[in-house]
Amino acid sequence: MSIRVGEAAEAPSFQKAAHMLLKDDQLRTNVRHATDVITQKRSHVVAEQHDWQQLRDAGSAIKAHTLRFLDHYLDQFEAACTAAGGHVHWAADADEANRIIVGLIQRQGGREIIKVKTMTSDEIGLNRALEANGIHPHETDLADMIIQLGHDQPSHIVVPALHKNRRQVREIFMQAMGLKELGDRPEDLTDAARRYLREKFLKVKIGFSGANFLIAETGGVCVVESEGNGRMCLTLPDVLITIAGVEKVIPTFRDLEVFLQLLPRSATGERMNPYNSLWTGVHPDEGPREFHVVLLDNGRTRILADHESRETLHCIRCGACLNTCPVYRQTGGHAYGSIYAGPIGAILTPQLFDMEHSQSLPYASSLCGACYEVCPVKINIPEVLIHLRGRVVREQQSGASLEAIGMKAMARVFATRRRFEAAQRLGRIAQWPFISQGWIHHLPGMLGNWTAVRDLRPMPSQTFRNWWRGREKGNSND
Amino acid sequence: MTETTSAARSAIFDRIQKANSSVQARSQVADYAAISREYQQSASKHRAAILETFAERLREYDARVHQASSMTVAEAIRIALAEHGQHSALVANAFPKEWLPDGLSWRAEADAEVDAMDKAEGAIVTCKVAIAHTGTIVLKDARKLTLLPDRLLCVVREDQVVETVPEAFARLQSLATDALTFVSGPSATADIEMTRIRGVHGPRFLDVVLV
Amino acid sequence: MMDVRGNFPRSMRISLFITCYNDTLFPETGKSVVRLLERLGHQVEFPFEQTCCGQMHYNTGYQPEAMPLLRRFVEVFKNAEAVCIPSSSCVAMIRDHYSKMAEAAGDAALVRDVEDLLPRVFELTELLVNKLGVEDVGAYYPHRVTYHASCHSLRSLHLGDLPMRLLRKVRGIKLVDLERIDQCCGFGGTFAVKNGEVSAAMLEDKLRCVVNTRAEVCTAVDNSCLMHIFGGLHRQGAGTKTVHLAEILAATEEGMA
């Protein structure tokens, strides 16, 4: 099986990418502004929802239950969707999903498709596969358009172009749409997108979407969106192809009452997003006459097998953990080298790869816990990060790294009182060369990362335990 | 293709079953029933307050709200359309025609192709249920009709308005396999600098006549 | 100073887990805890066999190395009437992970010992307010002070307003709110070294907020954050100092004189 997560296998380490991005003041200003606005809106609508914690409990419980009986629910979904006139396809990995989708489009003789925002298609690298087969995908979500027309990468799960400001968007649109004049108010830019895409919506015969929820009970699909481009792609074309990870299934229609309250408030800080579309297979006289759904594994069942971290699969892609994350807010999404950025990306990407790539990501967190606090399905991201750090340490199998040697030595120091006290004495001696005017301004090696921006006070001449010892002997005036 | 996908299917199911071999302590039915649902599932406000919330939430989305009685629906629709200077409309197949005002030039949804919808001044529909807490109307079918024209007018009966999302799902259960669209205000985006802009691809104007 | 001893039901025997880094780098914090608790009429003991809770190893991915430290902690403190820890992140390590670690080790006796001990483990402000029922500890600290809420104190221990309730009762103190108080300072243990540049960027934001308060002193219940914040303040030449909350609560008018 060959797992792909966008281009993440080739991405530089988080530290390296962050080093470059921290120098981009414009990007950091844009990211900060956007995340500030969303977190404020979110706090407001979450505070007014008095049963928020109960909704989180239910959302988490439904997801945990579904994972325990995932085979049952996928089977049920497949049967119900097929009975309603849909076609269900299964893809073990990204390449297989791309082959299936390209095949379906080629069978229709299609040369272009209209797409509504789907992270999963970015995960499998669908656009590249389509283009290699002479099929042009039109991204129709405003932000995705900005990314596609600007040959950029998404930096956020929900607002993929939040790293671009209005002037940058204007430049991209003028160039790509061949416009001589264009204002830079968001209204002007939105209007340009509306005019540019309306013709495509009416003309292109194949639509492509992701799915927010698959309903096992009915075989139905739910797509949540704001702009109406989703509804265009879901209803106007003759053929609709939907891709979804296998974890997107929920047991019943009724379960949506939980997720449709959790998702919009968490994602965009709205009580409800403008449009939710629900359909089941093919509807007579309504929408596409042919419907295909491609169910994707691409590493998900391996995450399921790790019981310490399977809760990663609860994720409903709301992006709240990105907006609140103090690390994401500094670097933006590109530092994570993956289409899945932020705290959820830091646990999802390496796990999809079975820890073969992206091993710096579990360390891209100060474990501050803000992500867990806002997660609508209660993924304990800090706990999963710690668990994955354990896997990184085990799987690097390089017991000889400086860090591993240091950590093992420290463990030996803490193992007995005698060694601990000896180390305290030794430390006081070892620090002498670095002290100047009562402070340490520079340290060698990894510790130099500390003194790059911070001074360090040297170890005081007396440890607490020595003070206590003296006090017991009556040598102290305390 | 069929062969490889069925190979993928059995591989995926094998892996799921292996991953779950140690965690299924009880039956799927019992496990589902044990899910805690302590969230609010029924109304907590009086009818008048619920209707007031509904109207308030709609207005917050920049929708216009018009009050009417069953006798004055046509008049309310006439006034709403006149405010936009709108003289014609496409009307959903299921819409009661006696509610249409005299003098309105209208065509039925069934007689309109996509191009006609694209060029239409507006659409007129009814809903299946409405949610006060979120300012949402839930439409069945008429998906293109309620999307392509720039103006959407929806008639909502007061008895269709529930307070909470769970109450709406209870009422929608019999329509669970239909094509449903939840509409909460006009189409919008905040993709550029998080500034909310009304009307991207869907209707830019939403009028609700509350009967 | 008012006599506060009469407020308490009885004198307790409190075992101090000073934590490895406070022992080595911040002995003043430990001394202050001792003075404070003794002033309130309690008996403090310091078991010398204690070393480290294992947090650094556990959080960095060296979970097997943390296991002997768990055993050691349980062994040293299992008979304590109450354990006082002036570091919320170490309390969080013990409270959030020890049970799970003991279970994973398949050691039923250890699981029992951990579960038996956990209800007796307190962060300093928890001990004072929740266990000992005191908010006014008779402290005097005539300075402009801002309180930094560490992430573990906020989101793991859920200390809420416990530290502020104690600070508000300190005589002479001028408290100033810190903006963006729930934002991480960027320390994060080994994160500060492994992702030094991002940590520094986060610190810069925190320093801006601290400097904006024009406080003489920035306090917290964790010296780890404070070491990071003070290191940054000192490098920038800012005048604000950092002081552990215990040192403020231990300060008295007599001590100032």
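What to note about this one:
Which chain is which? They are A, B and C, in the order written, and residues in each are numbered from 1.
Please note the rule applied: a contact is a pair of C-beta atoms (placed from the backbone, for glycine too) under 8 Å apart; a residue touches a chain by one contact, two chains touch by 3 or more.
All figures in this text were calculated on a predicted structure; none of them were measured in a lab.
Distance from the centre of chain A peaks at C, each centre being the average of the chain's Cα atoms. Among all pairs of chains, A-B has the largest number of C-beta pairs in contact. Here A is the chain whose Cα centre lies closest to the centre of all protein Cα atoms.
Here the CA centre of chain A is 33 Å from the CA centre of chain C.
Taking the mean of the C-alpha atoms as each chain's centre, chain B and chain C sit 52 Å apart. Computed centre separation for the pair chain A/chain B is 29 angstrom, with centres defined by C-alpha atoms. Of all residues in chain B, those touching chain A in their complex are 1, 4-9, 11-13, 15-20, 22-24, 28, 31-32, 35-40, 57, 61, 114-115, 118, 131, 133-136, 141, 143-144, 147, 165-166, 168-170, 172-173, 176-195, 197, 199-203.
Interface residues of chain A, counted against chain C in their complex, comprise 14-15, 18-19, 22, 326-327, 330-331, 362-370, 372-373, 383, 386, 388-393, 403-404, 407-408, 410-411, 413-417, 420, 424, 427, 439, 441, 446-447, 449-450, 452-457, 459-460, 462-465, 467-468, 478.
If you check the complex, the residues on chain C that touch chain A are 18, 20, 22-31, 34-35, 46, 48-52, 54, 56-63, 65-66, 68-69, 72, 96, 151-152, 154-156, 182-184, 186-205, 227-228, 230-232, 234-235.
Across the interface of their complex, chain B is touched by residues 30, 33-34, 37-38, 50-51, 54-55, 57-58, 61-62, 65, 67-72, 74-75, 84, 89-92, 96, 99-100, 103, 140-143, 146, 159, 161-162, 164-166, 169, 186-187, 189-190, 193-194, 197-198, 201-202, 215, 217-220, 226-229, 231-232, 234-236, 246, 251, 253-254, 256-258, 260-261, 268, 270-280, 283, 286-287, 295, 297, 301-302, 304-305, 307, 310 of chain A.
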